[in-house]
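Down below are the structures I want you to see.
Look at the two complexes coming up: chain A is in both, with chain B in one and chain C in the other.
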Partner chain A sequence: MPPPTDAPAGPPAAPAPPAGRRPAPALPRSARRRAGWGRLPTAVRRGVLLAALIAAWQGYVSAAGVSPLVFAGPADVAAALVAGWAGGDLVAPTLTTLRLLGLGMLIGSVLALALTALAVGTRLGDDLLSLLTAMINPLPSVAVLPLAMLWFGLNETALVFVVANAVLWPMAVSLGTGFRTVPATTVAVGRSLGLRGWRLVRDIRLPAALPHTIAGVRTGWAFGWRTIIAAELVFGVAGARGGLGFYINDARYYLDIPNVFAGLVTIALIGIALDLLFTAVERRTVVRWGMREGAAT
Partner chain B sequence: MADTAEASAAAPGTGPPLLEVAGVAVGYNGPDGYTAAVADASFTVRAGETVMLIGPSGCGKSTLLRVVAGFLRPAAGRVVFDGRTGLAPGPDRAVVFQESDQLLPWRTALGNVAYALRATGTPRARARALARDHLVGVGLAHALDRHPHQLSGGMKQRVAIARALALAPRMLLMDEPFGALDAQTRGRLQHDLAALVRRTGTTVLFVTHSIDEAVLLGDRVVVLGDRPSRVREVVDVAGVDRPDAPEFTAARRRLRALLAEEEETAHAPAH
Partner chain C sequence: MTTTTGPRRRDVLRGGLGLLTGAAVVGPLAACSGPQEGSAASREVAIATGYGISFAPLTIIEARGWLEEALPDHTVSWQVLSGGSASRDGLLAGSLQAGTGGLAPFLLGVDSGVPWRIVSGLNNMPLWMVTLDDRIRSLADLTADDRVSSPQPGSIQSMVLARAAREEFGDPDRFTANLVAMPHPDALQALLSGQIAAAVTSPPFQYQAEEEGARVLLDSYEVFGGPHGFNVVTALEEYAEANPEVLEALHAAIGRARDLIADDPAEAARVLSEAEDGAIIPERYEDYLTREGIEFTTTPQGLADLGAFMAEIGEIDAAAAPADLVFPTVAGEPVS
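Take a look at the complex of A and B:
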């Protein structure tokens, strides 16, 4: 960007130089914004902010003298986290939750794929999917938990059902959009190479729909993750082993506040980790191919 | 691709008709019912011949090309390619589309050309080697590993041309392939295409807006009228391939007159 000769469009960062004297070449706006705090690398900026927040947290706990029965400081939480992960008390619930989530997502994805295929292939399927998503999508997915418990009993199947239901609808919507919005020219190119049937789907339609597919899995996972934690909180223990939601509830019952926080932090960390994973997958595929603008993280 | 059987063919345009378009009417079904794009088009393309389609924007040139490619069924008339009717799309009629999103975004330039070859039965290693040769041929040796979104419009168009040429089709269908290029590159690619056609005897149906391009590249020029279009005239421009030949000026004047006439009738007040 050449140094602007006219007044910049945005609000000037510094008072205008006196008229008559040649102004020193102004920094381009982007460079100006990058001065100071903005010039630090993202990781450093975030690290400093995080440290400041934790310090504020510790400061509040020390200064206000809140009862340890309702609030825990970062040091206690960190100790509980380490103990939980080292001793295995947090490991088993985490694995249980992830296993149920994975199973629910798998079933939900397969159903979403089948529904999408039906919807893209037939008019009736299309109408059916539109109607079902319009009816079920606004319903918070934990809301079907009572029904699931009635149908399947107090077991893991009920949880898997709730998660599959949470994942299915947003994913079917994304997949459907993905397949419907494949550019006509792209399909024409495949057809003019003589591709038909499954090969046309595999080599042309599926990769062309990938941006929406990844977005769908991402939304599906986010819905599923919130749903399973909520369901576990309500549901309590399934069989002998409870998940993270149960772990938190259990800790609350025994007024073990640091462990409540440790459970929450674990949930947040897993959420962050999976989000980073999806971002990395997108970077390597659809962003690299220019099929989607890179989302800054 | 130099090993095509037609390589030994005599002067272009003397072979049997490879494509016959007879009384074709075609249009699109929209929310307001059927709208005609082409009212009545008839012309033939003989094996080894290069036939140009020219006419005002929106007159149905791309539509006619889509019919020959097999994407659209004519509402009336018939299209016979190599003795066959009821055409489905296929690699024997490779298409360079007018649209700029005709490359697969998830494949590199090399990948796009190589994939087309593999999809039509060429073994992987040979497909890559052929693809590389053809991309070098359109001046893209430096961009083999770039994805389409990293290429300029003209570069994308050249990848699409390389892809179509690499398939060594019976007939090349090209929809304004040089429209997005600068004068030098266009001149070079026109020259290369003419040489390739001469060498391999490939038959070409070529849509253009440019009268000069039509005269230089074509053996015959099919002039289409306004939408819903009819063929106004088929002008023979075989043998005129140098801009300084007197025939060139004459052919150009003739085409310009035909297209201008079209303009006049189109804009005359209706009575």
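Take a look at the complex of A and C:
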């Protein structure tokens, strides 16, 4: 037993203290936490939690006798995932979705960059961007899908348009903030060194705006990813060339619940993978350069 | 444990709040699908209908209040859904007591183990594939970029196209990649605005397309070699066991509506028009209702034939005997 502390701060100590939140260094509790759960590496803690969740999932399916017509257990889902990835049934939809997302993001990013450049350069552009983002940003991006379907038809162009629209505005906001908040001192130093014009932008403004740029790409990707899946659920671009949203919907039509789950797990895994990628990029750049505190994985 | 929470549970499921929520939600749902649901849920009868004159008998029953009349101690409600799988999901989730849909989604459900059967047939109807595109004169003119609508993958409309593709090109999957899923009204709009090249649809949408200048590429009666059933009313076996009187009442009311349509199509057309607040005038509905090949009936027909085709192309594993697919309500009729 640990020695009694003065007035216990917070809830009475449970056998497994709550994990996750970073402890304030001064609290005496932190010492106790290190002795148990908290001392394990993050990967182990999360792995154990994940395993427990999956076990609970399987236990629930086995014990509750829930109808396999509406719910699938982890074993079935794993089997469907393996079959889908080995047989290629999941590969093609995943590639389709990623291709559409990539194209949409590329177009959205270029437009965002152009709009931001205009906004940073001119007063009129600044007002225009502020007005446009204020008007369009609050719209859930998939809401423009009916219009896109009318304008472009039921094809990939409509999906790319919706994704580009989803990416453009949040990204433009982030980029704009990034460029506007470059410290005046930094710019003044650049000027003193004799930099001007494009070199000032390239060597001073762009790196200084990097934390916001990365945050912008990250937000853009998150918006785009949600949007493409939602849009594909509405209309998948049919058959063999459909994406993950279409895959899920198709599996639902055929009451193939394990495959519905397999599609969802694939979407989640890609989401996690891309998020890790951005975290890694941040670590290697803005965190290492001391522009931003390290984010928790 | 009452059905009033049914839709809300379903909504939560749909919202996809994650596995745990899903588990927490499906748990009680699965747990209460036992025999006690019969007594607790029997007060509420939610019935699915759909788009088009295929559902005319149900529209008439709803407008005339025939079910409320026959089941005075029940609450009857109606839901417009698109496609048989929406009905299937509603039945499985417990928010529907009677579903409707085409023959093909019904057979698909049976094949994947949905414990449901047919309460009553609704109609025999020719299903057309229509196009407004001058370039497309036959199936052979469809390219990989042409979109073709059907209500859903595995719908009877998709089967019509698959069968025609097999007859003509020896490949039932030739146009699978062209298909997009759309409810009939949306498909008609999409066809007229040029978003899709063709639509495999149903009355009256195919007639409305024809009025706008569309050409008929396929007629299901030709593809299947004769008239066939189109829509059926379904229920879960468990519910049927506990509530035979509801099924009987529903079947009887559909028969009554069938007689009304046959004896007095003008009156039936007036009811249909009124149910849509006059969006389509009664005279036009009367014309649609009396078109050649359209027949309202309580007898499901064409199950064996369509089942055999679906088994042949691998859409289902095995075709069941029609007699095993229906409830006693229609057992005395010439089900085929």
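Basically, the second predicted complex is superposed on the first by the 265 of 297 C-alpha atoms of A that agree within 3 Å, B and C clash if a C-alpha of one lies under 4 Å from a C-alpha of the other, contacts with A are read in each partner's own complex, and residues count from 1 in each chain.
The definition used in the following text is that a contact is a pair of C-beta atoms (placed from the backbone, for glycine too) under 8 Å apart; a residue touches a chain by one contact, two chains touch by 3 or more.
This structure is a prediction, so every number in the text was calculated from the model and none was measured.
Three-chain overlay on chain A, with chain B and chain C fitting side by side and no clash. If you count the residues of chain A touched by chain B and by chain C, you find the higher number for C. In the superposition on chain A, A:256 makes contact with chain C only, not with chain B.
Touch criterion met: A:183 reaches chain B, while chain C stays clear of it. Residue contacts after overlaying the shared chain place A:36 against neither chain B nor chain C. In the superposition on chain A, A:288 makes contact with chain B only, while chain C stays out of contact range. Shared-chain residue A:71: touches chain C; no touch with chain B. The least CA distance from chain B to chain C in the superposed model is 41 Å. Chain B contributes residues 69-71, 89-91, 93-95, 97, 99, 101-106, 115-116, 119-120, 147-150 to its touches with chain A in the complex. The part of chain C that touches chain A in the complex is made up of residues 16, 19-20, 22-23, 26-27, 29-31, 33, 83, 85, 88-89, 92-93, 105, 108-109, 112-114, 145, 147, 152-154, 176-182, 190, 193-196. Contacts from chain A toward chain C in the complex involve residues 53, 57, 60, 64-71, 149-150, 153-155, 235-236, 238-241, 249-250, 252-256, 264.
Residues 183, 185-186, 188-189, 191-195, 199, 203-204, 207-208, 210, 285, 288-291 of chain A are the ones touching chain B in the complex.
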